[in-house]
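Two complexes are shown next, each including chain A; its partner changes from chain B in the first to chain C in the second.
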Partner chain A sequence: MGVRLKKQPKIPSGTLWKVTLRLLLLLAIDGFVIWFAMSAFAEGYFQLGVVIALLGAGTNYVILAKDLYPIRWMLVGLVFMTMFAIWPILLTVFVAFTNYGDGHLLTKQQSIDLFLQERYLPEGGNAYTWTGYINENDEYALWLQNEDGESYLAYPGKPLIPAAEASGLGELDEDGIPASVGDYKRLNAIQVATNKEIVDVQFGTDLDGVRIRSAREAAQLEPKFEYDAEQDTLINHENGQIYTPVDGTWTSNKGDRLSFGFRAGVGFDNFTRFFKSSALRGPLFHIISWNFIFAFMSVFMTFSLGLIIAYIYNDRSLPGRKIIQSFLLIPYTIPSLITIIIWRGMFNNEYGVINRILESLFHIAPAWTVEPNLAKIAILIVNLWLGYPYFMLITSGALQAIPEDLYEAASIDGANGIQKFFRITLPMLLVSVGPLLVASFVYNFNNFNLIFLFIEGGPPIPNSPTRAGYTDILISYVYNFAFAAGRAKEYGLGAAITIIIFIIVAAITLFQFKYTRMWEEVGENA
Partner chain B sequence: MLKNLTFKQRIWLGHAWRWLVAIILVGFAIFPVLWVVSASFNPSNSLATAKLIPDNVGLDNYRYLLNTPEFPFLTWLWNSIKIATITTVLSVSITVLAAYPFSRLRFKGRETMLKLILLIQVFPGLLAMIAMFTLVTQFGAIIPALGLDTHAGLIMVYLGGAMGVNIWLMKGFFDTIPRDIDESAMVDGATHWQIFTQLLLPLMRPILVVIGLLTFIGTYGDFILARILLKSTEQYPLMVGLFIFTSGEFSKKWGAFAAGALIGALPIMTIYLLLQDQIVGGLTQGAVKG
Partner chain C sequence: MKKSLFVILSLVLIAAFALSACGPAEAPATEEPMQEPAVEEPMEEPTEEPAAEATEEPAEEATFDTYITIWSDDMLTPVLLGFVEDFQNEYGIGLVVENVPDRNDQFPIAAPAGEGPDIIMLAHDRLGGFADSGLLAPIDLGDKAANFNPAALQAYSYNGQLVGVPYAVENMAFFYNTDMVDTPPTTWDEVMEVGGALVDAGEATYALALAGTTYDAYPLMTAFGGYVFGTNEDGSYNPQDVGIDSEGMIAAGDFIKAGVEAGYISSSTDWDTAHVQFETGEVPFLMAGPWALDRLRESGVPYAITNFPSETAVGAPFSGVQGFAVNALSDNVLLAQAFLTEFLATDASMQKLAEGSNRPSAWLSVTSDDPDLAAFGEIAAVAQPMPNIPEMGSVWGSWGDATTLVVNGEQDAAEAYGNAAAQIRDLIAGAAAGMVNVPGSWQAASGACEGDWDPACEGSALTDNGDGTYSATFELPAGDYEAKVAMDGAWTENYGVDGAADGDNYAFTVEADGTVTFTYDSETHLLDIVIE
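This part shows the complex of A and B:
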């Protein structure tokens, strides 16, 4: 028996074949990363390419650098975490400082390009007299003649064809207009007078487009906008206004705004809007206070009921204890998505089983989904049902870990049951279960599934300038800005609110680190 | 009054009131479940059942569920089990490997990393969904097998969350294994990898099972990510599929939903009730060890 050496195991510098194997593996990884990054750049996914390349470089560094040996163990996890957790978070943070959303989805160049494609019919522009043709598929063609007597044939989406180059022309009449073009037949006066479709068709391409303006006249479209790169302005030829970009919105000197702008950084605008805008402020106070009340009450109620159950049925001599506990665990064993929807059905004002029972027993039918306070109570009841088994499990474990001699000592000093509970059990429990209470608070603070699936944040707050409901919490309020159908998406503002939520829960989490055992444990054997 | 009771009578009284309370509590706990069972056997497909035993008890909903090609229920169930199993195996492997150095090695940034992992977990991910959707779309353009509407793409995103709270649970369990065990092996010249695979991993089995189960159950019950990343009905996992029955796109089929929910919940319920004690052990590990 030698002397026990307190040393760390050797970090494998390895035999020759091991090193070779590792290098070959690294080579394969690098090959893949390079191919992937190149493909990303080729597809135009610049950001993705950069992230992949950085991850690849990091991987090489971790595998080759000797003092990063501990990181090698978690390399795969870190790669996935960076790609699918950290990277989306960083993008969200980035978006919070932009105006990204409906009307601001494009890059500046894309938005300029789109405006440059817009055409309008100028007052004086190239004018033609027109004759219409239609084929069996209800497609149209036009025969155009200008003042100089030049003729053109025009199909939708194709450049104008000078008469000399046109083919398939039928017999020409005295004005030089063909009776038919290929399988297209000439429209007669009555058809022209009654046809409403042909007016909406654009003939020719974007560059030489022709539209019908009156029963006789058709005219060539001209570009509506011109971009002045030096001044960074868009000039509208139709009304003569000049638009300059203001925070991603093209705004004229008269204050007119174009229908869409582009993505642009707006600094802290989203945050100041969140706190200052009167449109948002209205429901905001209500939402934030309910958010805290909801999270606190959820934790308090689920923990209390869980603890009471664990305390009552901790007694091993109770016959049938195991069966009772199994039954009480059932809410925890069904995916919550299913049970939330079921509770939603049960709380339905008209058909729901709860009101059916209340009606037959007490002749009352509370309007659970209409009355704000009732809706809140219903949510808390559902969350109590969903959450108490978790704390029942936790506290029954924790109760058993409290040393028996503490109770014996208290008994000798003459403490009764209630005193023992509040002086010994509860304080001991709070020490050990404390971090989980905080975690539960944080979880409920963002319990989107419950609020959204159960009641969609309703009932709506009347006259609220933004869509908000009495049971909305911050995260379900964010949903309205980012995903709700039928209204303009404001990802920038949604992301800003997300960050505010994060600051709140991160502060709570860090506070917990400081004051509970979890933190000590990380430090203790460092 | 109470003082006149014999010891036996007092014990009996103590049991009696506990049983009474238990009946009320159990009533609260299983009330929705009873209602689902009832709705699943009720052919009228409606919410409006005040009676626990419906008038025309029948298996219509179950037949509908298994025989309607537009709603491939068994495919959904299989998808869910497949996705959850693969995610669980990969996720637990990633976690246990990452937890080892946090428990056994000392390196710069160890505490910071542990805290950072927890902070990432509390970030509200709702808006990050937009980024994830874009990310998976772009992956799909380069490697179609990892794109939208593929299970591989979904699993890949799930693995982004593997380094999470579970690292803390796992590290906590590693910490409970005395370091003397490693040290004696070190004297014999064992490497970290040998210590990990041959000494510690076998001892970790209970917690691996528990974390595996919790991961499986969590993935099985996920809705939002799957809903966003999968498009075609045959690719849906069970939770997304069941949601179809309750959404307005089709007329609401509560009976079919109830039947599907029962079948879908059954595997998880069985796992929980059978392995109750182990799961309790795992859940309480972080909080009440030592």
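This part shows the complex of A and C:
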């Protein structure tokens, strides 16, 4: 590291081998980029190809242009940020304006192709069970049996031969199926199915010919659909209906819909759907106010406790200071997922440790998961446990950065401990810790894991027009609505809601950062 | 159901990646970064131990022209791998079995991208969503259908079409502690009587502990006549008939509430707590599934399995059906279908699948020497297939909340379930609930909508006049038009000429450019069209 730092400020003098090395490296990168972009194009991933190509071009420009020398050191970071942060966000935005989800997973061409493959048995058409045969030239023949027990032999393009008139039949098995027909050997259905084209082969003539429909049945099938590219419609030959695509769903003029559609842009539909949904008729006021209370109380409590502990252990004369401080860090080192589940068990109304202790000491057993306010308190306690070590760490560092002479001056002026804390320590701390408090607030504002793992937003709010719980915060409430209770997997709607939540959180964060800038000014003036 | 939001969000991102593949129809991207478990090179098929193979075909790793790929789970992959050698030797077709634990999430992304398997192992409740998307090819069992448990076939059908081959059925059963109870009760009143006596005598803490608020309590609810979705004539579920607030469901709720108040039913509905209470002999009765067998046996509690108690109806659990479905976008649809119907749907294969999965088989002639499994199998006869319609997703949360409110004593069953049903109906109807629309060939011409025949277009929706009629006026150029009345932004409920449901289109002619006023009467379902 040190070596590189020393070299960095110098503009490369351009000794030959250095330049060559750099160009070779660039060449290697370009080769990779071109290969990557080309294969992306070849596979049909145009957007990905374009992004890769643009990134490659940008890389070249940055490396070759002298003015952009400083950016070179951020290049890798920028490339990865574009690939893994900006690009997925753009895609999410894109998905939010489509109907992508169950029922609309395929491309338009795929959905048309699948419909064109569908065949139907017209009225009066014959259906048979089939047995396949093959000769040495890989030509196939079928032995057909209908429900009346009549058997036929069928070759592609030749009229069906009734069993009685067929010649060269091998030994018949118990179902009346010959073991061979002339030089055709009998096959198992699986062996016949190995030939991918077999479903397109017509056995018999246009008048009586059959096609294989499944591993057992062959029938006089007709294509069910026809695609009219000019009108962009699918015509159903079976019932004569004509289907036009409406927002990616094939819809007839009578209102019939085909079972599946395709991915298509739907404009702002996903957003309007959300805004018109019952989600907005839910107890939103309660949820949002609890969301703010929860985030604020979490930050306030964790910061206060962390600060108190740090303040106490800031005194170097305390015995065993380091060991105790290390122990206090334990909650921070255990994955929160595990901690939350353990706490959930401890708060169990009947068998939880907490209620057992309370019962033996005070003969009370609060219903933590049933009483709304108790549930909220329990959640705050868990979050306090999870969060205080962070602020303990931060503040103990920040405390040491406050100059001693300030305290000395205060002592000379006759300030007592409390005055010193509120007039010196706290304002000085907030300058450095303020932004972290905001970050913590934003984190807790969206603390889905805690709310969901602890009691899934419960206890439920009675008579709510849509599902909601007393401890639900905005994000868990919306999750229940949009993802857990969805009629199907709707990625488009999910993406739209993700964007809406992002906007809300971004607004809150922006507002608070403005607020912290004010803190900074106070700090500087003080 | 308890997925972290982030899984979902990242799924959206993955989905976004897949969606970006808006190029040619078949886009089997190899460098698609997020879809690892797609079909690997055919070479690396995980067959038997190489040692065994070496004797038969020395040196040469068996390669085939055609491969069938199956996505399976932890439990079944070893069983399926056991088929590989026999199948390959007999048919000369490669068989690749891959363990893809998150295949339910992968499949809808991989299949359209051309990277899906030929066959996927699925629980039947996810079939609806996939079939609705055109991802599953239908299956024709022919005569073999008679060899299957009819309920399993019903569960594995969607829109009246069989979309896979089921192999196992799983459902809950009624357990009782044989030390505490001599003869199993046949009605829920008896359960309370027998259990209540034990509680009063201090031998048990509760008569019953519910292991959940929805699925795990369902056998009790059905005993009182409760249901989730009503059924159509063909046995499929009807999403318009939500039974969460049915009389039976409410009666069951009242029963539970009374039991909790009397101290006979625990107010906890935690799955673990209920099982522990039964295992430690604190509770004499338990409703549990075959997945709890291992822990119950381990606990050493003396138990027996019996039918669910009845009340006004037969107590019936939900059944879950496991099976195999064919990817409609695979290159080998017919082959995959043939593999399932000709190779897997046979006595020998089904027997192996049943032994490997430790679940009652869907294939009738499979025998099991495990008496517990046999008992589960008997109850399967009355089990109701868990609805595989996508609307089921909207039910769980609200249903569970309502039961919680009842158990907590916060609300009466009628109130709680009534509100839950309203929530569910609302979700099912979607955003357009209450919309009255007159979709037709006039919509685009009026400029109110972008396309014709769109029942969800807001521009053409009628406004409520407050007296049971709805109306709106539009300007239309001269021409012949057709229209129909559609409710709730969908075609599910629609009215044509003479107010007939699913009736013929109204036809009207605008002689010269003018205005058209539609007035709909919600009592008679008649549409009045006035042209001026």
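The rule is short, and it goes like this: the second predicted complex is superposed on the first by the 267 of 526 C-alpha atoms of A that agree within 3 Å, B and C clash if a C-alpha of one lies under 4 Å from a C-alpha of the other, contacts with A are read in each partner's own complex, and residues count from 1 in each chain.
Convention: contacts are C-beta pairs under 8 Å (C-beta built on N, C-alpha and C of every residue); 3 or more make two chains touch, one makes a residue touch a chain.
Note that the coordinates shown come from a computational prediction; the quantities given were computed from them, not determined experimentally.
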{"item": "First (chain B), second (chain C), both or neither touched by A:48", "value": "both"}
{"item": "Partner chain(s) touched by A:398 [first = chain B, second = chain C, both, neither]", "value": "first"}
{"item": "Which of chain B and chain C A:300 touches, first, second, both or neither", "value": "neither"}
{"item": "Partner chain in contact with A:465 - chain B first, chain C second, else both or neither", "value": "second"}
{"item": "Chain B versus chain C as contact partner of A:271, first or second or both or neither", "value": "neither"}
{"item": "Chain B versus chain C as contact partner of A:475, first or second or both or neither", "value": "both"}
{"item": "First, second, both or neither for A:188, with chain B first and chain C second", "value": "second"}
{"item": "Which of chain B and chain C A:513 touches, first, second, both or neither", "value": "first"}
{"item": "Partner chain(s) touched by A:95 [first = chain B, second = chain C, both, neither]", "value": "both"}
{"item": "Residues on chain A lying within both footprints (that of chain B and that of chain C)", "value": "36, 39-40, 43, 45, 48, 88, 91-92, 95, 348, 351, 448-449, 475, 479, 491, 494-495, 498"}
{"item": "Touch list for chain A against partner chain B, complex", "value": "2, 4-12, 36, 39-40, 43, 45, 48, 67, 69-71, 73-74, 76-78, 80-81, 83-89, 91-92, 95, 309, 312-313, 315, 317-320, 324-339, 341-343, 345-346, 348, 351-353, 356-357, 360, 385, 389-390, 393-394, 396-398, 401, 432-433, 435-436, 439, 442, 446, 448-449, 475, 478-479, 482, 491, 494-495, 498, 501-502, 505-506, 509-510, 513, 518, 521-523, 525-526"}
{"item": "In the complex with chain A, residue positions of chain C that touch it", "value": "1-6, 8-9, 11-13, 15-17, 19-25, 27-32, 65-66, 91-93, 108, 111-112, 128-135, 138-140, 142, 159, 266-268, 270, 273, 328-329, 331-332, 334-335, 337-339, 341-343, 390-391, 393-394, 396-398, 401-402, 404-405, 408, 410-411, 415-416, 419, 422-423, 426-428, 430-432, 439, 441, 451-455, 458, 482, 484, 486, 491, 494, 505"}
{"item": "Partner chain A, residues of chain B touching it in the complex", "value": "11, 14-15, 18-19, 21-22, 25-26, 28-30, 32-33, 35-36, 46-50, 94-95, 97-98, 100-101, 105-107, 110-111, 114-115, 117-120, 122-132, 135, 138, 141-143, 156-157, 159-163, 165, 168, 172, 175, 182-187, 189-193, 195, 217, 220-221, 223-224, 239, 242-243, 246, 254, 257-258, 261, 264-265, 268-269, 271-273, 276, 279-281, 283-284, 286-288"}
{"item": "Touching residues on chain A, where the partner in the complex is chain C", "value": "36, 39-40, 43-48, 88, 91-92, 94-95, 98, 100, 102-107, 109-111, 113-114, 129, 188-194, 196, 198-199, 212-217, 244, 246-247, 251-257, 259-260, 263, 272-274, 276-278, 348-351, 367, 370, 448-449, 452, 456, 458-460, 462-467, 469, 475-476, 479-480, 483-489, 491, 494-495, 498"}
